[in-house]
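Here chain A shows up in two complexes: once beside chain B, once beside chain C.
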Partner chain A sequence: MSKLIEVKDLKKEYGNDEVITKILHGLTFDIDKGEFVSIMGPSGSGKSTLMHILGFLDTLSEGQFLFEGRDVSKLEDDELADMRSSKIGFVFQAFNLLNRSTTLENVMLPLLYTDTPKKERVKRATDLLNQVGLGHRLDYTPNKLSGGEKQRVAIARALVNDPDIIFADEPTGNLDSKSGLQVMKILQDLNEKGHSIILVTHEKYTAEHAKRIIMLKDGLIEYDQPVEHRQIADENGTLIK
Partner chain B sequence: MNIVESVSTSLQTILRTKARSFLTMLGIVIGVMSVIIVLSVGAGAQSLIINQVKSLGSNLVGVLPGNSEDDGPPASAMGIVVTTLKYSDGQAIEKNGCKCIENVAMYVTGNDTVTAGDSNITGTYTGTTANYINVEDANVEFGHFFSEDEEKTAGRVAVLGFGSKDKLFGDEDALGKRIRIGSVNFTVVGVMEERGVSGFQNQDDQLFIPITAAQKLLLGIDYVNYMRMKVDTALNVEQAIDSVKDILRDRHNIATGEADDFSVRSTAQGLDALTSITDALKFFLVAIASLALVVGGFGIMNIMLATVQERTQEIGLRKAIGAKSNQITFQFLIESVVITFLGGAIGIILGALISVIVAKFAQSLGYSWDLVISLNSILLGAGVSIGIGLIFGIIPARRASKLNAIEALRYE
Partner chain C sequence: MLFKDLFTISSSALLRQKMRTILTIIALSIGIASVVIIISAGKGLESMVLGELDVYSPNTLNIEVRVPGKGETGSATSMATGVTITSLKNDDMEEIVKLPNISLAYNYVTSQQVIKYREQNKTVTVFGYGADAARVDNLKILEGRFYTAEEEKSVAQVVFIGYKIKDDFFGEDTAIGKSIFIKGKSFRVVGVQEEMGASFGFDMDSIIYIPTKTLQKRFLGTDYAMGINAHVIDMSQLENTKEDVEMLLRDRHDITDPDKDDFKVTTMEEIRSTLETVVGGITLLLIALVCISLLVGGVGITNIMYVTVTERTFEIGLRKSLGAKSKDVLWQFLVEAMILTASGGVVGVIFGVLISYLIYLGATGFGLKWAFAVPIYAIVLAIGFSTSVGLFFGIYPAKKAASLDPIVAIRKD
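Presenting the complex of A and B:
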């Protein structure tokens, strides 16, 4: 399988001249196309930070990050924007929906920055909202939606540009176990269809829906191994394979 | 996202916050409105002045004492007394000037109490020559204008304007009655036809007496304030001017190379001078009105900066899902341009409405006031408001586009 992501001795620190906070102390790992990886770790261990770097939103302080063999630090801002627009779908930890726009508009948003015609945008967004079971909430604004519904809108938005790779930051964090399973089912189905998925979570159970777990601790990789007993979500619950 | 969509998205944003958007545009509304009003009312006032001069006819030549630049007003027009122009100068022009000069009228003016029986008014009287009515195309309603004889011999006769007659005699017959100007008695020999308001001056409140009577009996002067002459056709105006200059230079002993001590102007030249003066005035007023636009522009910038601050999260999200910096810049620029353009449109409509009201009001008072709302001033208003949106929108838009996506996403 071809390499999607190659990370060598990645370090990240925040701060100005006075205070420097070191978050990631040197991570090395590869992710292939089509993989389903969970990034785990306690709160504050830098999971979101890592995800933002891998999604071209943040820059690394030291080390190397190759995406499809290209050195990301050498890419222009506009190229990065293009990659985010065409290859990546984000589900943010805080949803980050636009509160003054409708559900449909929120899901269409990433397509605004591609050259998809308006009709096609509406169709794709509507289809996806139907798939996540929100076909009857198209013209709701997010503040009228429940937490689980918001989460599903955020997922629909991440999928609308048919991305190669999906980053999901705690996508089940705010959900009851049933809605959480629905979300995991969507992600597993997408992975079956060939999308690479990187899931950030601090729950072992959720993480075990992936095929591989990278565990962060104190800014380093504690372990990086395949999931032995993979959980498979379906409509009625989770089966251990 | 194409421009049509961007505009409709901005319109939605603006409609969602109606009150704030309106306050944002207020400066532009007022600025554009003032510019439109100033341009229109300025053009109306200009038309009023110019119509008055035009109504005198295009074949008139005026002579004023004192030298002047070609397109500037002569000193005498600014209230400085120059005494170089004499009654005999006019007579000489009439006798020896170009055949194309049909009539030469001369004028002096003064102010004094005018009494008739019990009524008295403080009025302006004009001492003029008998051919005043030919030069000015005026008509006598009752009686007759004074004769050339009376003009030359300082006859104590007076011709009343329609309004003066009304004020002094009411409905009574005025012909043959006596009036007193200052302490000199005159006999009324004629009453002029009603002429109505022309320009800023009510032609009917006039009172005419022979020029020599005014000079000798009332004013004690030997010069005239100005002359007006009628040329047979407009084509001969240049020739007439040359002949007047020749005669006056000769009579005033002005050596070759020395400047004239008088100014000869045709109505056309006068119009040019008037137009350039009123144009300058209009320009000045527009410049003042434009200040409001600049103030409005800073208002827009201020609010757009606040908007960017408020929408930090939205901007971060847009960047995170693939918006390029210049797409963000574009979005915010379009937003400020849409706001200023809407403001401009409202300003144009209000300005035009007020201009119409002013014009109708002036016309109802009998002034020959043209309603001028030029396409140019509308285009100017629209163009300037778009320009202000661009100029004052660029800083907030750039600031928005420079936001770091991840910091913006974390911003609460």
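Presenting the complex of A and C:
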């Protein structure tokens, strides 16, 4: 399988002249296309920072980060924005939808920055909302949707650019367990269809829906291994296995 | 990012904050409306002032006495200080008429006198005008006639009266042939002037005209005039004719240094352009003042855009995390500011034109010769200026928005 992400001795520190806070102390791992990886760790372990760097929202301090063989540390701001709009899709814990825009508008949002014609935008967003079972909620604003529905809108938005990889940052954190399982089911289905997924979570149970877990602790990798007893969710939100 | 999308995003954001948007547009439109009103009123004022000149024929060349060496203000100084220049003689006028490009001329002198008809007394300005004044100034005759050259030559006691004098003294009756008394001397009314209204604040209907020589000999005991008006035949030769008059008078008054001229020759064209300059200057000054209110509106735009950017930090961060470039965000907020200011411009122009029209109605209602005009440049200036204000004052908040760090912006805790 071809390499999607190659990280070598990645370090990240924040700070000014007086105080320097080291977050990541040198991480090395690869992620192949089609993988479903959980990045796990307690709060303060650096998992959010790692996701921001992998998601082109932040830059690394030291080390190497290749995306599809490209050295990301050499990219300018606008090129990073291009990468965000064409290579990745984000699903956030707090959904991060625009509350005053409709479901359809929210899903179309990333396409605004890709010069996609309006007709094409509407078609793709509508198709995806149908796929996540919200085809009947196109002109609803998010505040009329349940948490689970909101997260499904967010997933549709993450998919609209046909990204190489989907980042899900605590996607079940604000959901009841049934809705959470529905979201995990969608992610697992997407992975079955060939989408690469990186799931960031602090819960072991949620992390075990992936196929591999990278465990972070204090800015270092504690372990990096396949999931032995994988959790499989079904679409009704009940656990099959 | 397509401009159409930018426009849609920005305008729908503005529509969500209806009250704020409307208030900002109003604040800006006041300034814009003021600019339009000032420019339009300036045009109206100009038309009114220049309209006053219409009573004079453009072919008229005016020669007026002045205090030598006092520059442009000489003739005004001579009037204000009471210095009397006695050098402009009746003979000078007769020589000027002989110049090739001048067909007619008359000299004039004015005086305040009490006139009397039956039991009524009235203090009026007496215009001692030569007989040719009727043709040089194109005087409008309501009834009767203007006095003749023969009557002037014979120092006849004849009078041509203003409309209000006729109205006050004679009412509906005819005035022709009746006698009025000036300082006890009987004058026969030969004609009545049409109603003229005021010219530069001077009531042109409460005056009487008598021959210059009659005024000089019967009342003043002098042989000099305050000025001469001459009619130029070929206007293309106006400047040459003006020089001819100056040479002639210098020669006759033994003046070698033009700075020591005891007269000043003015063409109607010069008066017109002087007035235009004055009105233009006043208008410009007022526009400069009004620009302050535009500036205030502009600062208001900056303020409101800063508030907007701060309120929408999350939206900006989200957009950036989903692939928006800094310049996409910059343009989004710039376009928002420009839609605000351009709307303010359009609203301002509409109100400006409406109010200018009301001013025009009011002014004409008061009998002023006011013209309604909104020059295209006023509208272009107003809208252009307001949009530039949007760009200029919107750029800082937009830059702030564009430079937001998406991680900070979307962090919810």
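One rule holds in what follows: the second predicted complex is superposed on the first by the 235 of 241 C-alpha atoms of A that agree within 3 Å, B and C clash if a C-alpha of one lies under 4 Å from a C-alpha of the other, contacts with A are read in each partner's own complex, and residues count from 1 in each chain.
Methods note: contacts are C-beta pairs under 8 Å (C-beta built on N, C-alpha and C of every residue); 3 or more make two chains touch, one makes a residue touch a chain.
In this text, all values refer to a predicted model and were calculated from it rather than measured experimentally.
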First (chain B), second (chain C), both or neither touched by A:F92: both
Partner chain(s) touched by A:D82 [first = chain B, second = chain C, both, neither]: both
Which superposed partner A:P110 touches (first chain B, second chain C, both, neither): both
Touched partner set for A:R100, first chain B, second chain C, both or neither: both
First, second, both or neither for A:P142, with chain B first and chain C second: neither
Chain C-contacting residues of chain A that also contact chain B: 52, 55, 57-58, 77-78, 81-82, 84-86, 90, 92, 94, 96, 98, 100, 109-110, 112-114, 118, 157, 161
In the complex with chain C, residue positions of chain A that touch it: 52, 55, 57-58, 77-78, 81-82, 84-86, 90, 92-94, 96, 98, 100, 109-110, 112-115, 118, 157, 161
Chain B partner contacts - residues on chain A that touch it in the complex: 52, 55, 57-58, 77-78, 81-82, 84-86, 90, 92, 94, 96, 98, 100, 109-110, 112-114, 118, 157, 161
Complex contacts: residues of chain B adjacent to chain A: 1, 5, 13, 16, 313-314, 316-325, 327, 405-406, 409
For the chain C and chain A complex, residues of the former touching the latter: 1-2, 5, 9, 16, 314-315, 318-328, 406-407, 410, 412
